[in-house]
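Read through the structures below before going on.
Next come two complexes built around subunit A: one with subunit B, the other with subunit C.
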Partner chain A sequence: MRSRLTFRGTLASMAARALMKGLLGLRPSRAVMVGYSVGGHHYSTAASIKPPPPQIDDSNVTDKILSLPLEKPDFFRVSELVSLKELFDARVHLGHKKGCRHRLMEPYLYGCRLDHDIIDLDQTVEHLQLALNFTAHIAYRGGIILFVSRNRQFCHLVENTAKDCGEYAHTRYWQGGLLTNGNIQYGPGVRLPDLIVFLSTLNSVFQQHVGIRDAAKMNIPSIGVVDSNCNPSLLTYPVPGNDDTPVAMELYCRLFKMTIKRAKDKRKQMELLQGLCSTGPDRL
Partner chain B sequence: MEYIKKQVEEFDIGKRHLANMMGEDPENFTQEDIDRSIEYLFPSGLFEKKARPLMKHPDQVFPKQRAIQWGEDRRPFHFLFYTGKQSYYTLMHVSTAGSRKSPSSFQNASSPLLPPRVISYSDRHSLSASRWLKKEELEELLVENISIQDYNRFIQLMESLLSMPYCTIEEEFVLRYRQNLEAQSRKQAMPVLERDERGVAFSTADGRRKTSDSTVTLRDCGSGRITINGRDYLQYFPVLQDREQLMFPLQFMGMLGRFDLECTVSGGGRSSQAGALRLAISRGLLSFLSDGEMENMRQAGLLTPDPRVRERKKPGQKKARKKFTWKKR
Partner chain C sequence: MAGSRLERFGTVFSRVRNLMHSGVIKLPEKPIWYDVYEAFPPKRVPLHVKPHTRLCTKKRETVPEVFYKEDNIRAKFYEHYGMGPLPFDLSKSNFVSTCQRFVDKYTEIKSRNAFEDAAVFEETGKALLTEGMVLRGRGARSVSAESRDPVLELKLTDMLAERQSISASSEEKMGCTMHTQTP
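Up next, the complex of A and B:
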């Protein structure tokens, strides 16, 4: 619980960061839209360092676009995507055997039947809704989402999901300094992911994935599908559920893909709307 | 990128200046002409060829580098950017069996009534005449550094792709990662086939082994006589092993009674003379054979000169390899 509260605080800072990025980065996309030219606004050459001062209309409009989803609790209506029956049919409630159980997963379990752990689907539904809502907000603000899963059975599926959403995936061997040593690994001035989604928190040798610890170190929020043998402590949005069945994995991938697409479409819609609104009075 | 474009422009201008200086046509000034003129204008006595003055196109001089991987909003272009080795992992992603076209679509395209034909790996001719790309060549292709384990995984994946039925669909994709082997037989130097006054075809060839030199003339007369240094082969080589060495090339080709051999041999011992003669006979036989039979001979090892020579004795040792008795103290 505590970890989630601290992240609300960083969300505001993230919003500020996203705002700045929006101001600098969204210009090219907006310039394409007809009728939304920020009147008389000249772009300086590469020689000058300081970006041109933003116009007052711009900041108001971007503010409105970014603050609108935060007014309602379920702006993207993710609760419609998740239903208990669907989770049950996809066998999400099946955990591992009693011997594999992790101590910290006990609050999320409904019970144990013939040595098999059953995950409480009511809690899963709540956690999944929170997680999907969070991804939708991140995708709406143009954040980078990284899908991680070290399960070889679903590596291809996860990569395809990421490609379809327009987000990123990493289902291969995790080199030590990918997040913590980003500037040297990738190049100076790289942008690290704003959200990491672990579709399976364990790696090939049934130990906790290094990415969870690295994400916590780099202050990157993480969502993770935790099975009954996983450790949910370092994740910001743990989602208790089965991570070994193909049906369950396909369900998760479908859900994440739908939320991200929904959020991105909503963003484009908002920008178009605001563009039309602001040029309305100017045209006179 | 702009730097490289500037370099290319400068190179083009420099090329034209050079052509004018040499008094040649600036339009058709090839790389060989450039090399020639640079060697003439800047003669260098350095032994290392790479240290001499060089004028080449910037694409060949500057190593291939990656352009910046992200756009204005700093989002990376490629979806596998955060793995570190994006082109290698895209290759792996694309070549996994799940992503290749399914056989059902292939079947529907050809004709649904025919039973499915499964073509195995070994039947494919184009695959037998090529080899997998080496690690360095793959690195060059992907512009990325790969580890040995990554390379082995890649080869494993390709082999598993080809071992499945309907591998012909993926053949085109797989051939991109194969390099053609040159047939070694093309490089063989063949002796000339001459004609006698009587019209008999004959050819002469040399052979060497250890310190023996031999010359053999094969005449297409029809008898099986062999003369070495003026004497009969039975007299010259009393040991069966040496005579077998002489016969082996003809026996292999099945032309035992066809040729008349006139040989001269000098130097070496009994066995090395026999070996030299064998090589000379196989070389002489080449002009009477087709390409396929020549390839057979090459694969049998008849055309390879034996490089083994006597190793010298070293000081501090008894013989070439034998050392003096080792004493602990």
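Up next, the complex of A and C:
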């Protein structure tokens, strides 16, 4: 089985996930998926020693499962989860003072009310929908999602969110070689995250989190909640919004958790459907 | 797996795409997110932006200030009456503060009759008083008709002068008796 990147504080979820992956690996459709893994070791399971025709059907089936969601603009209906009123009530539009403003955040600001920056919620809604849609697709394809936040007030909340949706979180000190030196720190053939979600892009000393630059280095897409004092340039899908209010953070955590769960349930549903449709005996 | 670690050149997507075109990354090794990014690209291409080291001399377009027409009324209210009697309760989203009530009343009166601003201001104060809202003015100005306690009017100097006069008169009396007693 592929080795997992261990993150402090989520060993229970990691073990559960490894177990789940192991169980899935025994199923015939997954055996072909192993061949498509990113940099993992290829182990041959008993299920892979099957006669050729069902394998070709399997690859077609998995291709169909993977390509179907990309055809629709909102396959997972994430636009229902986000509403402008909800964002306003959660005080997502409140930015920092004018003096703390980052010049690259100026396009995302609605205005400045008595030196307080107000974030444009129309833009936030669009960006949030894009980000949630991307997360859903990654979770649907069985990608690893890593939640990062160095804000100590919400570290417990973020870790619980990750545990609830079966993904990973890293809310402690970020060691320099976590991603860039993963092979030596965690052993050879480590599988790195396929998406990193920054619920706060600043670290404890109000500088940009090292993880953003590292994710760009390792060609990993990143989603990040950027406040008016953050730099959104390197993030693949920035979401302009408040990252200091508890209500706002709870909202983001809830939204990400719901999308990931939705996507994973959809995946199970699709696999069952395809399994029923295809004409092979004893598929499961 | 091969990769490119140049985060300042191009985007994550462009680098992976070019690596695939050149054959460094084979099709089975394609990242999971590649197809998803292709289908749903972000609004802005995530290129690295160099930080400005030199100060910009030309004027940059700044974020617009947010002001409303009611702000004039609000400014006059705070100048006249200071902070209202009721504290702001921000936990309720439909909370109406004293200032907001004043502003609503002002606009209502203004729309009904086209008086001058000062006249409308007085009218609003009186209208709110009839509704039961007491506005304590800053300085001598006050809309409420509460009379001051007469005890507060007493001054300390007057009290001391009174005391002294009482003690002087008693001393005189004492002095007379003393004189008579000494042989």
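Quick note on the criterion: the second predicted complex is superposed on the first by the 224 of 284 C-alpha atoms of A that agree within 3 Å, B and C clash if a C-alpha of one lies under 4 Å from a C-alpha of the other, contacts with A are read in each partner's own complex, and residues count from 1 in each chain.
Everything that follows uses one rule, which is that a contact is a pair of C-beta atoms (placed from the backbone, for glycine too) under 8 Å apart; a residue touches a chain by one contact, two chains touch by 3 or more.
The model shown is predicted, which means the values in this text are computed figures rather than measured ones.
Could you say whether A:Ile119 touches subunit B, subunit C, both of them, or neither, answering first, second, both or neither?
After superposition on chain A, A:Ile119 lies in contact with neither partner.
So, A:His156: does it touch subunit B (first), subunit C (second), both, or neither?
first
Should A:Gly142 be classified as contacting the first partner (subunit B), the second (subunit C), both, or neither?
both
So, does A:Glu167 touch the first partner subunit B, the second partner subunit C, both, or neither?
After superposition on chain A, A:Glu167 lies in contact with subunit B alone.
Check whether A:Leu178 is in contact with subunit B, with subunit C, with both or with neither, and answer first, second, both or neither.
So A:Leu178 only meets subunit B here.
Of the two partner chains, subunit B (first) and subunit C (second), which one does A:Gly187 touch, if any: first, second, both, or neither?
Touch partner of A:Gly187: subunit B, not subunit C.
For A:Val92, using the defined touch cut-off, is the partner it touches subunit B, subunit C, both, or neither? Pick first, second, both or neither.
After superposing on A, A:Val92 lies clear of both subunit B and subunit C.
Tell me which partner A:Ile65 touches in the superposition: subunit B (first), subunit C (second), both or neither.
Neither partner.
Compare subunit B and subunit C by how many residues of subunit A each one touches, and report the one with more.
C
Following superposition on chain A, which residues of subunit A contact subunit B and also contact subunit C?
In the superposed arrangement, which is not itself an observed complex, subunit A uses residues 142 for both subunit B and subunit C.
What residues of subunit A sit close enough to touch subunit B in their complex?
It is residues 21, 24-26, 28, 142, 144, 146, 156, 159, 162-163, 166-170, 172, 175, 178, 185-187, 189-191, 193 of subunit A that touch subunit B.
Please give the residue numbers of subunit B that touch subunit A in the complex, ascending.
Within the complex, subunit B touches subunit A at residues 68-70, 72-76, 79-84, 89, 92-93, 96, 98-99.
Would you mind writing out the residues of subunit C in touch with subunit A in their complex?
Subunit C residues touching subunit A: 1, 3-7, 11-13, 15-16, 28-33, 35-37, 39-40, 42-44, 46-49, 52, 60-66, 93.
Mind pulling up the subunit A residues that touch subunit C in the complex?
It is residues 35-36, 38-39, 66-67, 70, 89, 98, 101, 103-104, 106, 109-113, 117-118, 126-127, 130, 133-134, 137-138, 141-143, 180, 194-195, 213, 215-221, 231, 233-238 of subunit A that touch subunit C.
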